[in-house]
Every structure is written in C-alpha cells, then in structure tokens.
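What follows is a set of structures for review.
Heads up, the next two complexes both have chain A, just with different partners, chain B and then chain C.
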Partner chain A sequence: MGEGAGPDGRGELMLALLADARLPTGGHTQSAGLEPALRAGMDPARVPDYLRARLATVTRVEAATAVVARHVVMPDATGCGPSSGAAAMALAETWHAWAARTPSAALRDTSQRLGRGYLRLLRRLWAGDPRVLALDEAARLVTADHAADRASDLGRDQARGVEGSDDESATADGRGRAASGTRNRGAQPPRPLVLGVTAACAGLSALQVARLVGYEDTQTVAAATLKLAPIDPVDATGWVVAAQPAIDALAYDVAPLTDPRAIPAHGAPLVEQWAEIHARTTERLFSA
Partner chain B sequence: MTTDTTRVEVHASSGRVRLDLRPGALSPRVLSTGPGVARVALVATRALLLGGDDVRIEVVVGDGVELELVEVSGTVAYNGRGRSSSWAVDVRVDDGGLLVWDALPFVVAQGADVERRTDVRLGEGAVALLRETLVLGRTGETGGRLRSRTIVDLSAPRHPRDSRAADDSQQDELSVPREPLGPRTADGSRELFVEDLDLRDDRTLPGILGDGRVVDSVLLAGARPPAAGGADEPGARTPSYLRLDLAGPGAVARHLGASTHDAGLDRVVAAWVPHVRTTRPDARTGETTGAVRADRPILQTTGA
Partner chain C sequence: MPDTQHDHAPTRSLRLGVAGPVGTGKSSLIALLCRELSGTLQLGVITNDIYTDEDARFLRSAGVLDPERIRAVETGACPHTAIRDDVTANLLAVEDLEEDFAPLDVVLVESGGDNLTATFSPALVDAQIFVLDVAGGGDVARKGGPGISRADLLVVNKTDLAPYVGVDVPQMVADATAARDGGPVLALSRLDRESIDALTAWLHGLLAEHRAGSHVPQDPGPMAPHFHADEDGDGVLHSHDDGDHDHAHGDQDHGDHDHGAAHDHAEDHVDTAPVPAVRA
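Up next, the complex of A and B:
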C-alpha cells in the first residue's frame, strides 16, 4: 500500500521502464558530473565516495523535487485531484524551489535539457491528462516570472543609463545562461519536475520515484566510469549495489515531503564548480 | 542559555537616517551617516565564538536606505569542548533598500561545532550584498564541524504591473500573460537562493570540498551583477573564482581553496557594490546623494 504499486504490479513495471537506460530520454549523454570530476583530478578509485557525495547533496535535491512535484498533482484521499490551477501554482512553486537550490546555471541547463526528453514521453503517453496540463500551465507561470525579473533588470539598466541589457554581452561568451536559457522561449521544466508528474501519471509511489532518482544517478555515474577509466564493468555494477543502502536511506528521507520549501538544499560546491567548467569545455565525451 | 541578540535597524527620517542600535555579543558603532545612508561597524564585545554561545544579529534596512556594515575583525569559533555554538543572521531589507556587508572571515577552529544561519528577506527593488568567508581550521588545523544555511526570499509582489507596462514592446515579444501571477506561497514570497552547506563529517568527499578548507562567497541578491567578463569585472578573463548566476535576480561569486583569503573576491565586491549603487531605483531620480555615493571609496578588507 505504502509502496503504491497497483494490484497488477503496474508501479513496479513503470519503475523498471523509467529506470531503463534504453528509455529515449538522452540519458546516454550524461555522466552525472563524473567526466568533469575526473578531469579535475579525482582518482577513479574514489567514485564510490563521489556517489556518496552526490546522494547527500545534488541528488537529494533532485529526488526531493520529484517527490514534491508528484505530491502536488496527486489526488487526495477523497480521490479528488487538486484543481488544475492549484496544481499548476504548486508545481511552479516547486520549480522555483528547485531553481533556488540549484545555483549553478550549468546544472540547471542540464536538468532542463533532460527534462525535455521526459516531457516528450509524458505528453505522448499521457496526452490530455490534467496533470500534464498543469505542468504546461506551470511553465507559463514560470515564464512570466522570468519575464518580470528581466523587466526589473531593464528598469535598473535604464536607471544606470546603460544602453541595452548586460545580459546580451554575457550571452555572447556563453556565461549569461541563467537569463538566456529561458530568454526567448518558454521556460523548460527541469527533469525532476517532469519526472514527478510522470510518476503521478504512471502510478509510482513517492518512495519509488525517490529511489528511481537515486538509482538513476548512481547508475549514470557507474556506466560513465566505464567509458572514462579502465574499470571492470562488474566492479562498476558492484558500486551501484553497494550504494543501495544509501539510495534507500535517501528515499525514506525525502518520500514524506509535500512542501516545496521543505526540499533539502545541500550544496556540493565542487560539483557545481566542475559542472560550470565542463559546460564551457568543448572536448568532452559527455554533455554533463 | 539565552540568545545574545545584536540589532541594527535604520530608517529614513526627514532627509536623514534614524538608527536603532542594540548591542549584544557585537556592539554596533556608527561610523558615518548621510541622507539615506549609514555606515555602522560591528565590534565584538567579548571573546567569540565559544561553546554554548548563541549569537544572533538582526539587521533591518528601511525603505530606500543604504546600510553598510563593517567588521573590524574576523570571528573565530573556538573549540567548544563538546558544546556547540550558533551564529544566526536575520536580515530584512525593505523596498528599494540596500545592504552591503563585506564580512570578514569566519574561522571554525578544531573542536568547534557551529550552526550558521543567514536569513534574508528582500522587499521590492531591495538588494543585499553579503560576503561569507568560511575557513575550516586555523593554520595547521583541519577545522571543526560547520553547517551553514542561507535562505534568501523575495517578497511578493516583486514586480508591480506598472514596472512591466513601462516596456510594452518587450512584453509583446515575450508573450507575457496579462493576468496577475498570484502568490507563490501563503505569504506571497518566492525563494531566490537556498543553500545548506553541510561541512561536517562528509565535507572531504570528492564533489563537496575535497581537500579545500575555505569557502569564500559573495552573494548578490535582488539584482544581477555586471555582465561576466565585462569591463567592470576585474580579473574576469582568468578568474580565480566561480560565478554562479542564479535563476532569479542574483549571483554568487565563490572561491574554493586552501588559502585563507582570495583577492579575486575582494575585486568582485569592489565591482559589484558600485554597480548596485548606481542601478538602485532612487538613482533614477538623480537625487543629490548619488554623487556622494559614487565618490565614496569602497571599503577594502584585508582579511585575517
């Protein structure tokens, strides 16, 4: 019951589907920060420690965001879903909470790029679901917030007598991504937000979606290690198995969360630094 | 054990500023005041920070006022001999206000166990620039345990309708919906930056701090800093620090490393402070204090 798997095992099957690397969401382009970590000089023997660090920090934020996003679009005990307006507002708040806890524009961009792949699945497989519509509406709300932020910046530049926006020159050297990523089109929901809504549609429990995020991150690092360092694939798989208690502890910690403000905010300063450097690196095997 | 509260509150009052200062573990001393501007020093009144100390600093900056806080010495959290300590900063900057606090290093000595908390609430058009230099251990030490949490909230309504109506062409281009956005939360505020740095047992893991023992940060909240790599950002070509542009109006410049102090972030402060001063909404009215502010030298800190 608490696991939320339906009597037909639908939750378990959907969990297997969503955790499968063959899912067409572009996961093969990702190393979960491992490539920049190794470039920065991390010894491949420390990958298990790197996994621990992620599960305690950025992956925790991601898992908690997915759990809260799932919660805010779920029907309550009476079977009544939240009104689509309320669900959209709550999703937008969850989105802002994630963004506030992800100070690196490189990490936000990566998550939003990955979110697009999951969004394509969600829109096609659950077309017309009110929860999908709520996510679209949340994107409109966040787009409007970003536009309002820019209007405020513009007012400041006018006050200062600056011609044109500072962001234009920033974009030219690729460092104005914070503003430019969502500049001329609608805001792109980050992966954990899309995953949370997908979990609601697919019938996953909060615990399942949290485990999914933890497992996926760990497996991404392990698989990427094989392409970057001479490691026996069985050893890499062993790291994932060894991380299981940490993944489960993370899942139990975040599964009860319902309030966007309660999403943990554990930062990993080096992961952020490496991600920013990697985003400006041209010769690389993985996009992030 | 009682909490020891220091309070600095400043409001505009008939062309001058009115200060409400309450000494606690730190004693606030007025360095200078001018029309809508105040500089206040925070001076430790006793040995800080000892095990069992709960230091709290409350700062309120009224509408349109600029407050600069100046520290005369860094802070060392000493070995608490099994007792933890806390350092909590509660900042409120009202509409159009500016707080500049280029704080000196906060050193967590061997055996210390410290909880730091920085809560910032910004009104409409309000800006805060805060320096936080966390140093784990004095020379030769690996340092104590530190958890440092920062939460910055933007009040709603952050953007009144008239500020957007000012540029209709841009609005059409962006297809901004015309209906009000509505509050994000019960109190209508929106989180800008939330970070919980857990620098206790796991901080040496790869990806958190590794071998580093210094996290030196400049947080600008409520406004975007000058363009990265722009002419007014010295050292931007080969920065010794990382610039994190937040999703909302703000940025963090951060240096991670082994050294106690990085001059690159002093230059960031020196570049960002004049930028936010000249882009404050009241600068638009061309009030007389503008020239005074622009001419005033930026406080240079030398660190510990």
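Up next, the complex of A and C:
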C-alpha cells in the first residue's frame, strides 16, 4: 500500500499536515455530530462508544469514498494517469455512490460545506494539477445530472398535475435547504471526494488517507467534547489513543477498494436523525 | 478551471469586519449601519456570536434588513480562529451572500466578542472597525493592541453613557488617537446625530476607495518579529510594534524570506478617510 508515499517521507509529512487541526478548512466549526448527540441526552461517558459506532458506519463510508476517489485519479503502475475525462467520470460515479450511502441531507450538506473548505486549499496548493481539473469536471457532470433529475421530477409532477414543488432545489445533495442558506448553486463535491483528490496530489497512500479520515473524525469528536462537557483534555486524548486499533482496522478494510460500487453502505439512523435535528436547531456551538 | 462560483463571486462586495470586546455594541453598530444605509446600499451581514445566534436574532428583530441577508456562522467556540487563522467558514458564508443577493455593496462581518487581541485576517475582510465603549473604562484605549492601534477605524461607543460611568470622552478619544498615531477615532452615540453621520461618511469614503481600487487592505494583526538578512549573511531581527518603521519591505529583501502580499503594511499609517473625533 506504499503507492504514492515517496521514500522521502513526503506522504508522512502530508498526512500530519492534513490531520492537523490548524489546517485552514473550517474544522473548528465541527463536532462530528457530537453536539446533537449530547443534546439528545447521550451521556458524555459514552463518547468512546459513539466513536466506535461512527467508525463502523458513517466514517467507514467517508473513508472508503476518499480511498476510491484517490484511486480513480492516481496514475497506474505504468505511470500513466487516467485521461481527465475518465477520471472525472469515475469521480462523478464515486460522488453518486457516496450520496446514495449518505441518506441524511444534513450530513450530505455538512460534507459538501467541508468539501468547499478543502477545495479552497486544494486549488491554491495544487493549482492546475490535472486531478484538480478532473474534480472540477466531475462537479459539472454531477450538476448536469442533478438538473436532469430535477427536470424529470418536474415532468413527473406535471404529468400528475402536481403544483410546482416549492422545494424543487432540495436535491439529493441538500442544496437549497433553508438551514444552509444555499440556493441553486452548482453541485459541490463532498469532503471525502475532495480529500481523496488531495491525498493523490499530496502523495498519500490509500492506507494513509483512510487512516486520516478515521483519525480526523475521532479527534473531532474528542476535541468537541471538551467544549461541550466537563471532560479532562487528557482523558479525551486517551479516547483517541484507545480508538487506534479500530481506526487501523477500518483503514485496512477500505484501503484496497478501487470501485465506487464497493463502497460500504453502513447507515447509522440515530446519527442521521441527530444531524437532521441539529440542522434545524438554533443556539448551536458547532455547525454540525 | 478555477472555481468561478466561489473563488470569484459574481460581484465582490466591500467586506467590512466589526471586532471588539463583548458588549461594546458591535451588533448595535451593525444595526445602526443597516438602518442608515439599507435604503441606499445593498447590504449583507454575517455574525459569529460566540455561542448563540443571538446577534442574528437581534439584527433580524431590529427590522432593518431582510432576515435572509443576515446569516449566523457557528465557530465551535473559536471566535478568534474564525476571523483570523481559519477564516474558511466565514469566507464561504460571505461568498454565498454575495452570490445569493448579487450585487451587494457591503457585507458586514461581525466577530464574536473577543478580547483586545482579536483582529480580522485580510484574507476575510477588506477593512475593519474595532469597537470599544465608554462603559468598559476610559483607560481601555490606552491599553492598545492590534485592533485599537491599527484597525481602519476605532469607534468609542455609547458616549451618551459617559456621565454615568465617569469617563472623560475627549480624553479617551485623545488617548485612542495617540495609541493610533493619529488614526481615525470616532466617538459614537446612537443619540448623537452628528456622530452617526460621521460614521456613515467614513463608510461611504471607504466604499468609494474600494470601488476605485485605491483601497489596500491593511493588516492590523500583531506583526511577528521577523528577520531581514543582509548581504554578509547576517541580518536584523525586528518587530513592528516598537516604532521600528524605518525600512521598506519588498525593496531590500534578499530572498531569504517571503513576505508575501499580506506584509505590505503601510509604514506611514496613511489615513484613507480621516474622521474628526466627534465630541459628545
């Protein structure tokens, strides 16, 4: 799995960079669903269980998506990259696979908002990289798909004599939702897609990007706990250390994936419900 | 292809930050600006209340701006981070507002109340107002700090309360003006028409410069001590908070460090739109 991780240790350094909370991508606005979980009555002592549940479900989907997104834009063994059209199509497929496995519009919306933050970084640090251009092309493909979906929905509604729905923009990606304040923009790639492309540009291996997703989610929850509950910061850090075997198991499970269809579909209905509630809650400390 | 949707919003507003300690009247100042200007300018507001969306609700309830044009950004209890070292969430919100309500003239970004060291990054705003109030004590202006010293405008708010809190407003303004090397200071009261007019005149002046392309965002943030190499491989380490303003960056750099655009600070504190202190 050392593919892409150069002997100069670039991959390791980039992994540390991308996992650092100081990375300017808006991570400080996130609690990985912990705030609504605690509001719903979850005992802070159960945060380690919450972490394990996420690693087994929603985080697994994110990690697998990032791994596949990275794979489809990587050069093959002969050093030949995929054509940009092929890479864009494969990224769009991966995007659709992620959306199909992320049933909560609130979770999709959050992931896309975070994706915008990572995209800003990616565009500045790897400007002009063909993999970044493939991601832009994938966004155009998915935007066109959504427009076609809307047109077909509209046609069906008209055939049924239904009045124009007032939430026609509430597409599979949650765009147009009042909570996000967004309107009919072009489709925004979700965070794992952008992260996968970033991993390819930064020279991370599949295993490294999977570990990154697992670690980042765990650390986000642990750090958010400190803002929400009276927990000793060393205890919270201990949770992350204790989660290491689970993170590693997740990483080894998803790292070999190359096909969007193979991305696992583990739902977490409670996490999804809490996310939906939080998107409509005021007086939030964290965006999600 | 670059992101035409978000890196280059259809119209680029003047992005104006409002920072200052908790309770000095940042939200009221924004409500005042909306009340005075929403008839003539297209405005948007982003607010970063430290915990609640209290500020957004306050502004909406003030009825001075379409509620859709006021958006709250949660900062995860990191108000300083959200305006300074990771502006991502605020920047996305500003860009969305600019896109949704194009063309906007001004987007006001209200920081969650923070301490005296919090200032906006020039990556987020084009200019910033730092707000103090007389109730915080007449000596606050003398304490200095990047916002007080180098924000584009320092507002000393609630001057109508001065008699009740024993503050000498002219003295406080004089102290602030000294701390700012003569930079603009505005003594403001919502009950003092003349001061309100001075505030809107300042903003109109700034907007005109922004549109003319002559406004260059300045970073009031703390300048880290940094190193200038000389030809012998030696050099000098200095900082900018000690009056050591006698060298020109960009002319004598020897490639040892990259100052970048954010470093092009005004050495001579040019006042783009001087506002006379209005006596209460």
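Simple rule for what comes next: the second predicted complex is superposed on the first by the 267 of 288 C-alpha atoms of A that agree within 3 Å, B and C clash if a C-alpha of one lies under 4 Å from a C-alpha of the other, contacts with A are read in each partner's own complex, and residues count from 1 in each chain.
One rule holds in what follows: a residue touches a chain if its C-beta (ideal position, glycine included) is under 8 Å from a C-beta of that chain, and two chains touch if they have at least 3 such contacts.
Predicted model, so just to flag it, every value in this text is computed and none were measured.
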Superposition on chain A - do chain B and chain C clash or fit
fit
Using the touch definition from the top, say if A:280 reaches chain B (first), chain C (second), both or neither.
neither
Where does A:227 make contact in the superposed view: on chain B (first), on chain C (second), on both, or on neither?
second
For chain A, which side has the bigger count of touched residues, chain B or chain C?
B
What angle, in steps of 10 degrees, lies at chain A between chain B and chain C when each chain is taken as its C-alpha centre?
130
Is A:104 in contact with chain B, with chain C, with both, or with neither (first, second, both, neither)?
first
Once chain A of both complexes is superposed, is A:27 in touch with chain B (first), chain C (second), both, or neither?
second
Does the superposition put A:119 against chain B (first), chain C (second), both, or neither?
second
Would you check which partner chain A:266 touches, where first means chain B only, second means chain C only, and both and neither mean what they say?
first
Would you check which partner chain A:92 touches, where first means chain B only, second means chain C only, and both and neither mean what they say?
first
For A:53 in the superposed arrangement: first (chain B), second (chain C), both or neither?
first
Overlay on chain A, chain C to chain B nearest C-alpha distance, Å:
13
Contacting residues of chain A [partner chain B, same complex]:
33, 37, 42, 46, 49-50, 52-54, 56-57, 89, 92-93, 96-97, 99-105, 108, 140-141, 143-160, 166-167, 169-170, 173, 175-179, 184, 261, 264-274, 276
For the complex, give me every residue of chain C touching chain A.
1-3, 5-7, 51-54, 57, 68, 71, 73-78, 81-82, 85-89, 91-93, 96, 99-100
Could you pull out which chain B residues touch chain A in their complex?
125, 149, 152, 158-159, 163-164, 166-167, 170-171, 174, 176-177, 181-182, 184-185, 190-198, 202, 205-210, 212, 215, 223-224, 226-230, 242-249, 251-252, 254, 256, 275, 278-281, 283-284
Which positions of chain A touch chain C when the two form their complex?
22-31, 113, 116-117, 119-120, 123, 133, 136, 181-183, 185-186, 224, 227, 282-287
